[in-house]
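You will see subunit A twice below: alongside subunit B first, and alongside subunit C after that.
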Partner chain A sequence: MTQFRTDPVGEDIAVVRPDGRLNMVAAPELRDTVTRAVQSGRPRVVVDLSGVDFMDSSGLGALIASLKTARQAGGDLRLAGVGEQVALVLQLSNVDRILKPYANADDAFRN
Partner chain B sequence: MTPPGSRAYKGEAAETRRLALLRVWIALTILLGLNYVIWRWWASVNWSAWWISVPLVLAETYSIVDLSLFGMTVWKSRQRGEPPAAPAGLGVDVFITTYNEPVGLVLDTARAARDITYPHRTWILDDGDRAELRAGAATLGVDYLTRGEEWAGKPRHAKAGNLNNALMQTTGEFILVLDADMVPYPHILDRTLGYFAQDERLALVQTPQYFNNVPDDDPLGSQAPLFYGPIQEGKDGWGASFFCGSNAVLRREALMELGILGYVSATEKAVVTGLKDARGILRRAARRAVTPAERAALVATHEAVGDALAAVGNGAPLGEVTFVLGERISELSRLAVAGDLAAIAADLDDLGIEDHGVTAASAAIVGSLATQELSPLNALDAVRATIDAIDVGRSGEAQALLPMATISVTEDMATSMRLHANGWRSVYHNEILVEGLAPEGLAAALTQRLRWAQGTVQVLLRENPLALKGLRPAQRLMYFSTMWSYLAGFATLVYLVAPVLFLTAGVLPVNSYAGPFFWRFLPFMVANQLLFLVASRGLPTWRGQQYTIALFPVWITACVTAAANVWGGRPLSFAVTPKDGTRSERRPLREIRWQIVTAVALVVAVVAGVLRLAVWGAEPVGTLVNIGWVCFDLVAMSVLVGAVRYRGYPGNEEEK
Partner chain C sequence: MPMTPSGTSYSAVVHSPPDTVDDAHDFLERVWAERADVSVPERMVMETVLSELVTNVIQNNPHRPVFCEVALTITADELRLETTDTGEPLAGPPEPRMPGEEAESGRGLALIELMVDELTYRHDAAGNVWSARKVRGRPQAG
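Then we have the complex of A and B:
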């Protein structure tokens, strides 16, 4: 089973770290995790994918749904630590045109 | 003993005359047997001592059935005449199977095999993977094979696996199979290949197994003149002569056909079982599904699996069914991906991101995310189980094709039964063309008999010839007859216990006056013994009869262990028969402890009977009949005295 850890950073940033596969079964929990972070007052979310070795279209759908949740709360969602397979799925689905991955979670909201 | 160089065949007319006499005698014996056993059931069971009377009458019925099957077998025991000439140019591989036999012995066989006159290629199939044997083979100029990497961690299937391994690496149209200690004559192929040229559906020519290290009195009962004579000839007459594991030529095409049919049926079974399991897993998973998308995918896969099973049930080809099911699962993957993409596109639209390029309308995008690796359905274990079920690679075995049957430790009988069931024919050519070595100690001989009996009972329980599709009725009975004969141990036990009970405790299982009993029993018994004499053409059969009785614990052990193996999955504790150089110096009394106990009980019974007769004036006729019966059993079992004292074939020392 995929595990999710949420680390608060600064005043309004949350880093969500899934560990395992981000697939149809794990997708609902990713959305719940991000929603909880946003509701707790941290609308700027980094999803650190360095612990994810596999993602499918359902996992990607959960990322975009989470992006929507964050944006609607006035924040944003950014990706970090993207591995080869995840990058491939981002590219195949054209989502790489919208979400540009950052090298690591610390860089994501540096600006 | 010198090998009988000339065959007993004296022309067609002589065969016809002999068979006519034999058939009259068979009919007479069976009629007398029926007359006896029907009277036993009808009028002479002592129901007040039913616990021994019923087993006894059942044992007698068993023996009458056994006799009838024997009668049916030898009814057609006609010898074949001269074999047709072998045509030139056939491709032949000679296989010598070995596991742990001494290297020198294997090389002696290989040298003789190499020197067979008909052009051929000789292979040593060494399951022991011995460097010394490999080097010896190279010196002799014969080929050498052993199991490869692909067998690591897979079932090895003993000798059947050894032969199957070689079948996949050789190409000869015909295969002569020899055990490591079976030395062929140079003309063996010239005398056997002709049959194949005559009949293109002929799969097997079996020749006798004859042992040259057995003294004339054959203390261990090694020679099987009745089996390798009238019995195999009779089976041959009914189109059902067996493969006996060695000294036989086989047609590769027939074996490969068996391998392919076996692969297909094993695969079909695996797919159907796998799909049934998957259907259950899918149903339970759908009930527990968290999200609607998950549930929808599981319900749809469940439905697809149900349709696939229905199609298999309606006789649709398995390849097509699994392909269609695979396609439907792919389609479900594409649906799931399209649903995800549509949701992503809707979310992006909502966020006001324009021209994002994410769309479910592009088959290319959907397809690229719905491949076997990326499919979101992979997350569902239940769906993965389904996909595994339609993988047709037979990954549990080292080889996809297993031409030699692997359901039994005696692969030979199982293989020939399947050949016959698939419409192939066999020939029994009764001419000694190979000289072999028999075990030279009682322990080794007992191991060998136990293994044959276990293997035969395994086949009976796994592929009952009475039920196997494709056999003709007579062929069913010929296979069944041999299996039936291995149940003799139980009947013998009753035959031994009944007279002991009568002589010691006065329990009488037969309820009759002396007159009617003798009048029915004696003519039958005399006819029965004469039948063996006529059927065997004067070959020595008494040793065989003795061992049938004396080895009753072996036969019972074989039945019990084979049943525990087939039904309970318990190992047979299978042993390779020790060959040369394994003569036991200690007297193997432990091996025959049950027979010793039995003999003591029999002697005590005789003494008790005599006392009752002389001192208490017991009924004389019944007592004398039972004393006679016990003496017969003792004489039969006395064969073990010579067997225990046997120190191996003296001829060997003279040669050395």
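Then we have the complex of A and C:
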């Protein structure tokens, strides 16, 4: 069972940390978690994937939907802590063009 | 110990509901626990392929229970993953095509095609049969 933790950072950033696999079981919860963060006034979202060792196209779809949710609220969504398998899926799908991975959550919204 | 040419097969059944794609994933983790010879890159490919195939089976049959048999055959030369499901047959031949970056779905088969050496689909008396074959690299020393 994939679990999600959300940590507020600064005034308008939320760091969402899934722990487990991002597949069709976990994808709806990821979308809901990001939507709640954005609705709570934190449209700049970091999804820290360091606790995720597996993601498939369902997880990818949820990340893209979440990116759109953040952008519609004037924010953005960035990835951090991407592991080997997640990086492979991002790259093969070309989604790394719109979701560029940052080394860690602190770097994602620096500057 | 030399491996037999026919290889070793491992199988499991995903019966959804209540099983989910997580059960298919757990099956592979049990196989890996017995098979230290399967490399990390090979595991990543098989896990992704199986997750996408089982997800498609479940999503293509939203209003009925499905039975999906999963079989992984490991030889010295290749890994072959086959799923046989009782769901609706495909309306036409599969057309894997990677959608644009902003699409929220439709990437499963395209991802599989990029990761394996061969992906085939057939519908026969047993149901829908998907077969994905990955040629193995040279065995690692040690």
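General remarks:
Here, the second predicted complex is superposed on the first by the 111 of 111 C-alpha atoms of A that agree within 3 Å, B and C clash if a C-alpha of one lies under 4 Å from a C-alpha of the other, contacts with A are read in each partner's own complex, and residues count from 1 in each chain.
Throughout what follows, a residue touches a chain if its C-beta (ideal position, glycine included) is under 8 Å from a C-beta of that chain, and two chains touch if they have at least 3 such contacts.
As the structure is a prediction and not an experimental result, all values here were calculated from the model.
When both complexes are superposed on subunit A, subunit B and subunit C clash. Looking at the shared chain after the overlay, A:P28 reaches subunit B, while subunit C stays out of its contact range. In the superposition on chain A, A:D19 contacts neither subunit B nor subunit C. In the superposed model, A:R71 makes contact with subunit B only, not with subunit C.
Of the two partner chains placed by the overlay, subunit B and subunit C both lie in contact with A:S58.
Shared-chain residue A:E84: touches subunit C; no touch with subunit B. Clashing C-alpha atoms between subunit B and subunit C appear in just one of the listed stretches 363-371, 489-497 or 615-623, and that stretch is 363-371.
Residues 21, 23-25, 56-58, 60-61, 64-65, 68, 89, 92-95, 97-98 of subunit A lie at the contact with subunit B in one complex and at the contact with subunit C in the other. By the touch rule above, subunit A contacts subunit C in their complex via residues 21, 23-25, 54, 56-58, 60-62, 64-65, 68, 84-85, 88-89, 92-95, 97-98. For subunit A in complex with subunit B, the residues that touch the partner chain are 21, 23-28, 56-61, 64-65, 67-68, 71, 89, 92-95, 97-98. Subunit B contributes residues 290-291, 293-294, 297, 336-337, 340-341, 343-344, 347-348, 350-351, 353, 356-358, 365, 368-370, 374-380 to its touches with subunit A in the complex. Residue ranges of subunit C in contact with subunit A, taken from their complex: 20-22, 25, 40, 44, 47-48, 51-52, 55, 58-59, 98, 101-108, 110-111, 114-115.
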